[in-house]
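First the structure, then my questions, so here it is.
The letters A, B and C name the chains in turn, as written, and every chain counts its residues from 1.
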Amino acid sequence: MERSARLRSGLLVLWVFLVGSLASAQVDLSGSWVPRDSRTGNNLNAVDYTGIPINDEARIRALSYAPAQISMLERQCQGWPPYYLAIGPFGIKIWPEMEMVRGATISWTIGAWEDRLPTQIWMDGRPHPSRNAPHERGGFTTGRWEGNTLVAYTTHMKAGALRRNGTPSSDEATMITRFIRNGDRLTVFAVVEDPIYLTEPWMLTKNFQLDASPLSPVGPPCTPAFEGAAGAGRVPHFLPEKNPFVGELTEWFGVPREAVLGGSETLYPEYRKKLKDQYVRPEKCLHDCGGPAR
Amino acid sequence: MTPRHLLGATLIMLAVLVPPAVAEGQGRGRGGPPPGSEPRLSPRQIAPADLTGYWVSVVTEEWRYRMLTPAKGDYQGLQLSAEARKIADSWDPAADEAAGHQCKSYGAPAIMRLPGRIHIVWQDDTTLRLVADAGTQTRLFRFGLPQPAGPRTWQGASAAQWETLGGGRGAAPSPAPGASLRVVTLNMRGGYLRKNGVPYSEDAVLTEYFTVAPLPSNGQALIVTTVLQDPRFFPQPYVVSSVFKKQPDASGWDPTPCSTTW
Amino acid sequence: MRSDARNGVLAAVALCLAVYVYSGGNPLQGVMAQTRLQGDDAAAAGDLDVIQLRPNVYMIAGAGGNIAVQTGQDGAVVVDSGSAAMGDLVASTIRRLSEQPIRYVINTSAEPDHVGGNVAVSKAGQTLFTLTGAGAAGSAAGLDGLTNGGAAAIVAAEGVIARMSAPTGRVAAFPTSAWPTESFSHARHTMFLNGEGIEILHQPAAHSDGDSIVFFRRSDVIVAGDILNTTTLPMIDVEKGGSIQGELDALNRLIDMAIPSIPIVSRDAGTYVIPGHGRVFDHFDLVDYRDMVTIIRDRIRDLADAGMTLEQIQASSPARGYMRQYGATSGSWTTDMFVEAVYKTLPRETSQ
């Protein structure tokens, strides 16, 4: 082969090699990821807004929430918005959808739970739907890689609850989720913004570990059944100032009432100065202590 | 296009895109340069993320276990061995105070979970220094050097490296932009994972991942994922992530001494 | 040679940029900066926002009230027509969606932002009525009158034509060419077009006395009109016969009609509900909205039963918790107006 032609060929091969090696700063997220997170409790009390930067509107709505709402026939199969991925107790199955010409990833899908729809993260640059479009239970999510981190942006979520005690989120909430893989560990870092109910972004984390046992990509079917909640046209709720559970966290654990009701101020170290004068540590644990029955 | 011009175009592309990858290879000691050639790049020089600065904890999870000292015997959600539960159930802060163990709940496995501020700087090109105002604790993350032997301390001895994961076709692994800092800490004194006496032993191995992520409105978050392996007290590894927000300066910096009760 | 050198440099720069972008380093700041919503582009271009809900059912937003369009071989069926100023644009938008002419315009109420486009949209269409055979020429004038000059028919509940027209000697709110050509007084009016049944259901005393709900049965799309406004608290026009109980009855009826994706909850499916204003809803969204209205009603009733006056009730903000998203302190429909409408039309029994 002529020398210049050989040089051209060699340079072309070099270009292809460099493009291939430099353009693939991504990781494989596929597999079954079981929850490996030691966070406590999932805040089981009926009135517990600690750690959430809620505003007054959210607080009032939350205080009006009666747990019996979840027993309403119309709500039993409602499920959670996509941010429940970072709150709920289950593992996740992740798989890519790929086109078979160039092998590009069209989307990553995070499988469903019994009360959370699949999250499909579109990687093909498609725009989010119109403001007037329906909000599906799974929201609408697009994604891109930042180095080895998959960054997903979710809009069009439905209104829901940040905690099962009815701390509200609106249908204007959005979420950025980062999937950070370190070895066989996956850290999900979610930032929820809600112009209606939050005064600043709410940050959540959850940790998973890759496991050989396959997780199901779908949840079980849901069939509503009468559970004794209020009849047609009635909505269980508490009138203003009438929530009977407001003092529970204070009574059980000594948490000052102001802190129980949440808010941005309570998230930062400075708030401990206020707490120090108000908090009396209970002599010993009497409720939800963990471990075997004592 | 002549081969000469094609060569020129190729060199332009190489000059723009390749130096970070080559520098990482040198910094990780891969195939080290022959004596007398260019010096290897330091961990500081190849850092794929900037961890330096002031960071404030944002307590959105396990609020009452972190912002308050819980009651004795409150370890809900933690899987503890029987021995660990016995220790937790007999927590005596006054005894800790008398024994000079005020900082027992400020050790490396716990310090990142306490509300407070941290300040991270490069002490030198191979050492990151992290100072926490809660308990005025200092941690040193050393890159690539053997850990010094010596007495056990609350903060132990930490070995750091930038995480790598995979690589392109035919390329050597290198820290991608935004990669985490992996820190493994040994040689710790046994301490408290929570302020109410939930223990970890001196046999514990602590692995942490420090990851920087942008936040909306030009902010930055630092996510610290803690993996504590301590089979004596925890049948399963203890895993949590703690979140910090970057501050522009030292506002709110509030060094406070260790406390057994608060 | 010079050109070859330039081309080589340009090729290298282009390839560098492609590699940079492809590998995740994006010149734009962050994921959110890249995100645009469909509809934003349309709005910027002065177009309407067209959302396809089913293969042959669309919602058009941005012309006043929301508009629904069903297309097919029988011709387009349009529910509401937007405001008068947007009528031509609505008509041209529908022409892009439907190969066949507009056959029917169905009005859900007599609100100007729902009927204002009637003239333009119906005139852009074509009546199903034709005349053939002997006597066709002599009856043409009568047919013109019946069909508004051969335009598409306009269908609505009787209350709508009553609002749009006027007693003799007064000025009608709308020109005659905008009035319904077919009105009905029964509770359920039906058609079968484009392969599906279409129900027009009179819903009394909700937003007003002339509201209708339109249900495309096979497409499983409900058009709710101003019974449902997803951007404000419900508009209850007391003077036109609206009431809080009627509004709640209407919302509960919509909930009964809409079916969510159960038992298979791992997919998004089910009935769509097009509101008079705002985004498309489904069953779960309706439940949230209905519950909000119920809770606020309960609060107002509790205060009224305790003897508080309207002004005292308004001052106590019974819509707290929902104000930021649905409330208003100014404009054509404020929170205080809603509270007043509820207060005035509350049934006075004390049990739920």
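Keep this in mind: a contact is a pair of C-beta atoms (placed from the backbone, for glycine too) under 8 Å apart; a residue touches a chain by one contact, two chains touch by 3 or more.
Note that this is a predicted model, so its numbers are computed, not measured.
Q: Point out which chain occupies the most central position, where each centre is the mean of Cα atoms.
A: A
Q: Farthest from subunit B in C-alpha centre terms, which chain would that be?
A: C
Q: Compute the distance, rounded to whole Å, between the mean C-alpha positions of subunit B and subunit C.
A: Each chain reduced to its C-alpha mean, subunit B and subunit C end up 54 Å apart.
Q: Counting only Cα atoms for the centres, state how far subunit A is from subunit B in Å.
A: 24
Q: Between subunit A and subunit C, tell me the centre distance in angstrom, where each centre is the average of that chain's C-alpha atoms.
A: About 32 Å, centre to centre.
Q: In subunit B, what residues contact two or more other chains?
A: Within subunit B, the residues that touch at least two other chains are 2, 6, 10, 13, 17, 177, 216.
Q: Listing for subunit A: what residues touch at least two other chains?
A: 15, 18, 22-26, 146-147, 176
Q: Counting only residues that touch at least 2 other chains, which ones in subunit C make the list?
A: Only 15, 19, 24, 32 qualify.
Q: Any idea which subunit A residues touch subunit B in the complex?
A: 4, 7-8, 11, 14-15, 17-18, 20-28, 36-41, 50-53, 146-149, 176, 178, 180-183, 185, 187, 189, 191, 193, 201-207, 249, 253-255, 259, 266-272, 275-276, 279, 281-286, 288-291, 294
Q: With touch defined as at the start, can you tell me which subunit C residues reach subunit A in the complex?
A: Within the complex, subunit C contacts subunit A at residues 15, 18-19, 22-24, 26, 31-32, 34-40, 42, 49, 51, 53, 59, 61, 66, 248, 252, 255, 260, 262-268, 272, 278-285, 287-288, 290-291, 294-295, 298-299, 302, 320-325, 352.
Q: Residues of subunit A touching subunit C in their complex?
A: That would be residues 15, 18-19, 22-26, 55-58, 60-61, 64, 69, 72, 74-75, 77-79, 112, 114-115, 117-118, 127-138, 142-147, 151-153, 155, 158-159, 168, 170-172, 174, 176, 196-197, 218-219, 221-224, 230, 232-235, 237, 239-240 of subunit A.
Q: Could you please specify the touching residues of subunit B with respect to subunit A in the complex?
A: Contact set of subunit B toward subunit A: 2-3, 6-7, 10, 13-14, 17-18, 21, 48, 56-65, 67-80, 85, 115-117, 134, 163, 165-171, 176-180, 182, 209, 211, 213, 215-216, 221, 223, 225, 227, 236-243, 252, 254, 261-262.
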